[in-house]
Structure formats: structure tokens, C-alpha cells
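Per-chain residue numbering starts at 1, and chain names A, B, C and D are given in the order in which the chains are listed.
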Amino acid sequence: MDRGRLESFSDGVFAVAITLLALNLTVAGPGHGRLLNLLGHSWPAFAAYVVSFFTIGVIWVNHRSLFSGLARVDRVLLFLNLLLLLFMVAIPFTTATLSDYLRRGGENAHIAAALYGLVMTGMGISFALIFNWAIRRGLMIETMTKKARRDAQLRFGLGMVVYIIATGVSFLSAPAALVCYGAVAAYYVLEHTPAGPTAPSD
Amino acid sequence: MDRGRLESFSDGVFAVAITLLALNLTVAGPGHGRLLNLLGHSWPAFAAYVVSFFTIGVIWVNHRSLFSGLARVDRVLLFLNLLLLLFMVAIPFTTATLSDYLRRGGENAHIAAALYGLVMTGMGISFALIFNWAIRRGLMIETMTKKARRDAQLRFGLGMVVYIIATGVSFLSAPAALVCYGAVAAYYVLEHTPAGPTAPSD
Amino acid sequence: MDRGRLESFSDGVFAVAITLLALNLTVAGPGHGRLLNLLGHSWPAFAAYVVSFFTIGVIWVNHRSLFSGLARVDRVLLFLNLLLLLFMVAIPFTTATLSDYLRRGGENAHIAAALYGLVMTGMGISFALIFNWAIRRGLMIETMTKKARRDAQLRFGLGMVVYIIATGVSFLSAPAALVCYGAVAAYYVLEHTPAGPTAPSD
Amino acid sequence: MDRGRLESFSDGVFAVAITLLALNLTVAGPGHGRLLNLLGHSWPAFAAYVVSFFTIGVIWVNHRSLFSGLARVDRVLLFLNLLLLLFMVAIPFTTATLSDYLRRGGENAHIAAALYGLVMTGMGISFALIFNWAIRRGLMIETMTKKARRDAQLRFGLGMVVYIIATGVSFLSAPAALVCYGAVAAYYVLEHTPAGPTAPSD
């Protein structure tokens, strides 16, 4: 099976999910006081929007990098990819919940931040499953050296570990957890190691 | 006519519909009590989300498999495909209605579960129409053996029969119907028989 | 300029618009009486959904047919295509407005039906502009015979004339206008004459 | 890295964002007086819809033109493109805010118009960053002459300067600022100079 429609369907889901994030950007209409104040009070929505936007963006960049190394896909990979999308598509929901509860603090903010982290962790696990399945089944164009494989696993693993830690941090401070989530996205944006064996010239 | 835009348009509709499912994942904002309780009360929304997500995912996987076997498409197939999409696009609506009414039980929950089943049945019938039209008009790349055709019809038919039964089950128990709908998705995820004649090496 | 991204962007817009139609399918949650009654009262939403779904579907089929005959696109065609999409994207809005007001009748229903017709007319005019520009500028793969061109213009023109008439009918009866809009979609679904010179074997 | 998925993902985001603009087109349901009056009072929503639609359309046309000139993409370009999409995806939000506040005038309308301008400016800056990165890193298919590069920079720069000026104008008059935003879109629709070195035959 070639990967054409797998990529175009996934690109569509990524595109819709990243755009739906912006549906959470709203302010009350006229009659609710000064717009400048309303916008100021919405800072959690803007912060969560930027973090989630670049998080989905990074997943897309890594997805593109990983899948460009696939010679073929099998039925299991299609469903592992759906599992990844299941979590990814839930990000606008967890983002909205987090930004609704972030400013108030207290137990609800902790729960909202932990929910966000759980979905991110599920997404990270799905990504790792896809990667390991592709390696084990020999779906990649080139066989990776043991070292290259371990490096890639380390890179994916690092994000997952931070997501799990940040989920724990949520119960201490929701804003601190959001900073952690943003740091993972920033890390993947800034680091330049190619994700797959087929992109040595990035 | 080549199938390029038919596939890319369909992929777009699948992508949007599967992502819109998540719009139904919402909890009331601050001031409605403990978030953990709100999330707990939303379990029907989460359960229905997962079932519908994998249902649409399975339709997409089968759509991809069937259409990869087409040598060409004709105008009738374009409109049969639109009929399939008409039902598929209604899934976020029936999912939202089911999850709204599921917990309360009673007649309304039965109706909501039956509505969900009717849309699934319509979708299954559309899929069967596409398959049979493609066979009869010789649109497939390879002519299928009689046995292969009957196997494929059995596979599609099985889902449809369960959908019809589950629609009936709805009037006894809405949660039981949802379990049936989930079982159909799980069946197609787990079985490995390729859907079309062109994918013998899946 | 090749037409690759023009088609994929347009397909995306078609896919989103046709799926957003279903956002208008909602019923009030628990506590508003029998769901069966709520669904029954929503018949205008279901009728308008089906009509608009097949209308957008037909536009897509015709768009695909017309553009498959283009050897190249120019900048003007890109913007004429945007004009077409401007009207097409407004269809979920006019559909929602029509289905909100349809049952009540009276002046508001007439206005809602006429608004629907105006957007359809604008869409039809945009389609005609694209077709005529492509012919005049020699963007088509094959030059059409005078007869083929006139036939195609007749086919496009027929829908437009019915849209204009139905817009007028709106002021007599909104449901009658909806029937006219549905009849146009049904006509294009059922007639088999290929839309462009490049599809003689459809 | 080839630009296939970069373009298809971007096309998806453009398609969703341009279609979500129409979600802002709504009128109150029955029981709020004459529909004709409701539509008349919604003129700011219609005006802002048309301006934003063609603005996103123009960004897409220019994006298509610029990227068609790229021989390859690198990781930095992927993230600069995400930055562009971050602002582009926020346009439905700023459009909705502007159309909500436009009619009332006063300080809130000024803030809403300036917010719109800020997002446009951010989008313009992102576009300039992509262009300059592509030139500096030699990602283009053909090296541009110094003159061609300066011409292109002038063209992109002009829009950005008008966006900055219009953001200032917002504090004098929100409708005047909207006219400026519309004028930028109209300018790019009407001028015919190709945006990149690879499109001399447009």
C-alpha cells in the first residue's frame, strides 16, 4: 500500500485540528465593558492557543519526517495513525478546557492542566508505537543503524517524559505545567536533528 | 476520469467530519462545580467520541482500500460517493445527540441510539452500492473472482446487518446499542482480510 | 501555472463547507420534551441539509469536470475561483437561516428563501465567469466546437435561470423555493452530459 | 525535503480558515423581529467577511506563487510557515471581533480594528521572513536578479506598510481601517506582477 492517502487524510486532520484551536479565541460581544480588558482577561486563551498551535505543528513536522521514510504502510500502521489522530483531535478540547480554568487556579485548574498532559502523553505513546511498528516490520526505506534508532527513540522519548512530568506538575501549578508543554514544543522547534534516516540533509 | 480529486475531496470530508466529532467534547466553564465531576458526567460524550472516531476511521480505511482498486470512476460513482459522505457527515450530529441523551435513559435515549444506527445503516448501504456499481460497471483494475467478490460482500454485509440489529437493540437499551456500534468498528480494526482485490499483500 | 494547488485548495474548501452544513443539524438537549418530536420539528433543517449537500456536491462535480479540461490557469482564474468559493462558503449560513425560518412562514421565510437563492445565483454567475474566461483565454486543453460551447453554456445557464426564478418564487412560498433549489441539484445529478470537452467517455 | 506535504497541509489550513470565516455570518432565529432588519444590521459582518475572505485568498495566491519557486524546503522554513499560519488562523477571530464592535464605534471599535491590523501585520512579517529565508538559503529554483528580489520585497513590503498605517488609522476610525484592509486585498487581486521568479508567464 502506498502512503499517498494516509498522508493527505492525516494532513487534513492536522489542518482542521490546528485551525479549530482558534475557535477558542473569542471575546464577549458589546455590552461587556472595555474590549481591552476583555482581551487582557483572555490571556490564558492566547497563551494556550500559541502552545497548542506549535505543539500540533511540531507533531505534523515530525509526522511528515517519519512518514517520508516509509517505503510502504500496512493496515496496522493505518490504525496506529488513527490512534495518534484520536489524541491530536482532542487537543482543541483540552486547550479550551485549560484556558477556561487556568486563571482561576485551584483544583479545577490542576485537573484541566493534567487532562491536557494526559492527551499529550497519549499522543506521544501513539507516535512511539508508530515508530516502533515501522522499524520492527521493516516498513522504512532504509534500515536504521542501531545508533540512529536509539537516537530517534531518545528524541521521541524525551518529549513523552516531559509530558508525564508536566502532568504531575499540573497538581502543583497549572501555569507551570503550561510552561512545560510550551517548552516541549519549543525544544522540537529549535533542535535540528532530523527525525528519520531519510532526511540527513535537513 | 481519474480518481485523484475524488479521493482528495473525500479525504477532506473524512478529515473534517472526524475532527468535528471533538467539538462535542466540552465541559461547562468555571462556576459549575468540580471539573472532575463534570468530566465524569461527560463519560457518554467520551465513549461516543471514541466509537464514532474509529467508525469514521474504519470507513476511511475501507474507502481507501476499495478506491485503490478502481481503474476509473464514472459520474454515477461520484454521486454514490456523495451519498456515502452525506451519511458520514451526519455522524457528528448523531454522536452529539446520542451522548446528550445516553445517560438519562428512557425513550429519548432509545430514539437517539436508533437515529445513530439509521445513519450508520444508510452509510453501509451507500458503501455496498459503490462496491456493487464498481463491480458491475467493470471499474475495478482486476476482475474479482466470484469467491473474492462474495467474500467482500460478506464483509461489508456483516457490518450492515449488525447496524440494523443494533438499531433494533436501541429500543431495549441505548448503551447496549452503543456497545454494538463499537463492536463493528473493533471488528473492522482487528480483522486483516484485505477489502479489495488489489491489496493481497497487506 | 499548473492547477495542482488550485484544485487541492478548492477541494479543501468544498470539503469543509459541505461538512459544516451538518453543524446546523442539532436538537435541544434533554429537558425539552420528546426527542422524536424535536426531530420531527427539525424537518426543515434535514430537508435544507440534503438540498444544500447535493448542491455543493454538484458544484464540486462540475468544478472537477471543468478544471480537468484546463491546460493551465492564470491569475485571473485564481480570483474568479475565489469568487465562486466566496458564495459557496456562504451556503451553510443561508441554509441555516432558511431552515430556521422555513417552518414559520410569513415575510421572514420569504426573505430567508430569497437570500438562499441570491447566494446560489452569485455562485452560478461565478461559475459562468470561470467557464467563459477559460474559453476566451484559450486555457482549455482542447478548443471546443461552437456547438459544444453553446451546449455547456446552456447547461450552466439553465441552473442559473432556475435559481433566479426560484429567488422570485421565494416571495410566494419558501417551501416551493426550496423544492426548486432541490430540483436544480437533482437535475445535475441525473443528467449525464459531460460538462467539459475532455470527458467524452464519462 | 520536497514541498508536497508542506503545500497540502498549508492548503488545508487555508481552506479551513477561509471557510470558518462564514461561521461568523449568523442572524438571530425567529422571534427577533424582521429578518430583513436583522440582515441589515449585520452589514459589518458581511463587509468584514468579504474583506477577510479576499485577504486570505490573496495570501493563498501569493503563498502558492512563492512556494512554486522553491526547489526544496528546510526545517526552518517549515516553522516559519507555521508562524504564517498561526496569524492566518487567527483571522476568523479578529474578523468576528471587528464585525461585532464595528457598528457601535467608540474605543472598543478602535481596539477591534487595531487587533485586526496587528494580526495582519504579523502575517505580513511572517511572509517576509519566509521569502528572505528562501532567498538567503538558496532554496529557490532560480536565483533571482537583485532587481527582481527588490521588486518582490517592495510588493510584500507595500502591503505590510499599509497594514501598519491602517492599524494606526484604527484609533481614528474603525470603518476607515477596514477600508484600508480591503484596499490591500484589492491591490493584490488587481496587480498582475508575478510574485516569484518562476512565474514569468502568468
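Just so we're on the same page, a contact is a pair of C-beta atoms (placed from the backbone, for glycine too) under 8 Å apart; a residue touches a chain by one contact, two chains touch by 3 or more.
Remember, predicted model here, so these are calculated numbers, not experimental data.
**Q** Nearest 5 degrees is plenty: how much rotation brings the CA atoms of chain A onto those of chain D?
**A** So the copies are related by a turn of 90 degrees.
**Q** Answer with same or different: of all residue numbers used at the interface between chain C and chain D, are over half used by both copies?
**A** Result for this pair: different.
**Q** Could you give the separation in Å between the centres of chain B and chain C, each centre being the mean of its C-alpha atoms?
**A** 26
**Q** Indicate the whole-number Å distance between the mean C-alpha point of chain A and the mean C-alpha point of chain C.
**A** Centre-to-centre distance between chain A and chain C: 37 Å.
**Q** Going by the touch rule set out above, which residues of chain A reach two or more other chains?
**A** 8, 11-12, 15-16, 20
**Q** Quick one: in the complex, what on chain A touches chain B?
**A** Those residues of chain A that touch chain B are 1, 5-6, 8-9, 11-13, 15-17, 20, 74-75, 78-79, 82, 85-86, 89-90, 92-93, 96-97, 100-101, 104, 107-108, 111-112, 115.
**Q** Which of the residues in chain B come into contact with chain A in the complex?
**A** It is residues 7-8, 11-12, 14-16, 18-23, 25-27, 29-30, 34-36, 39, 49-50, 53-54, 57, 60-61, 64, 68, 189, 192, 194, 199, 202 of chain B that touch chain A.
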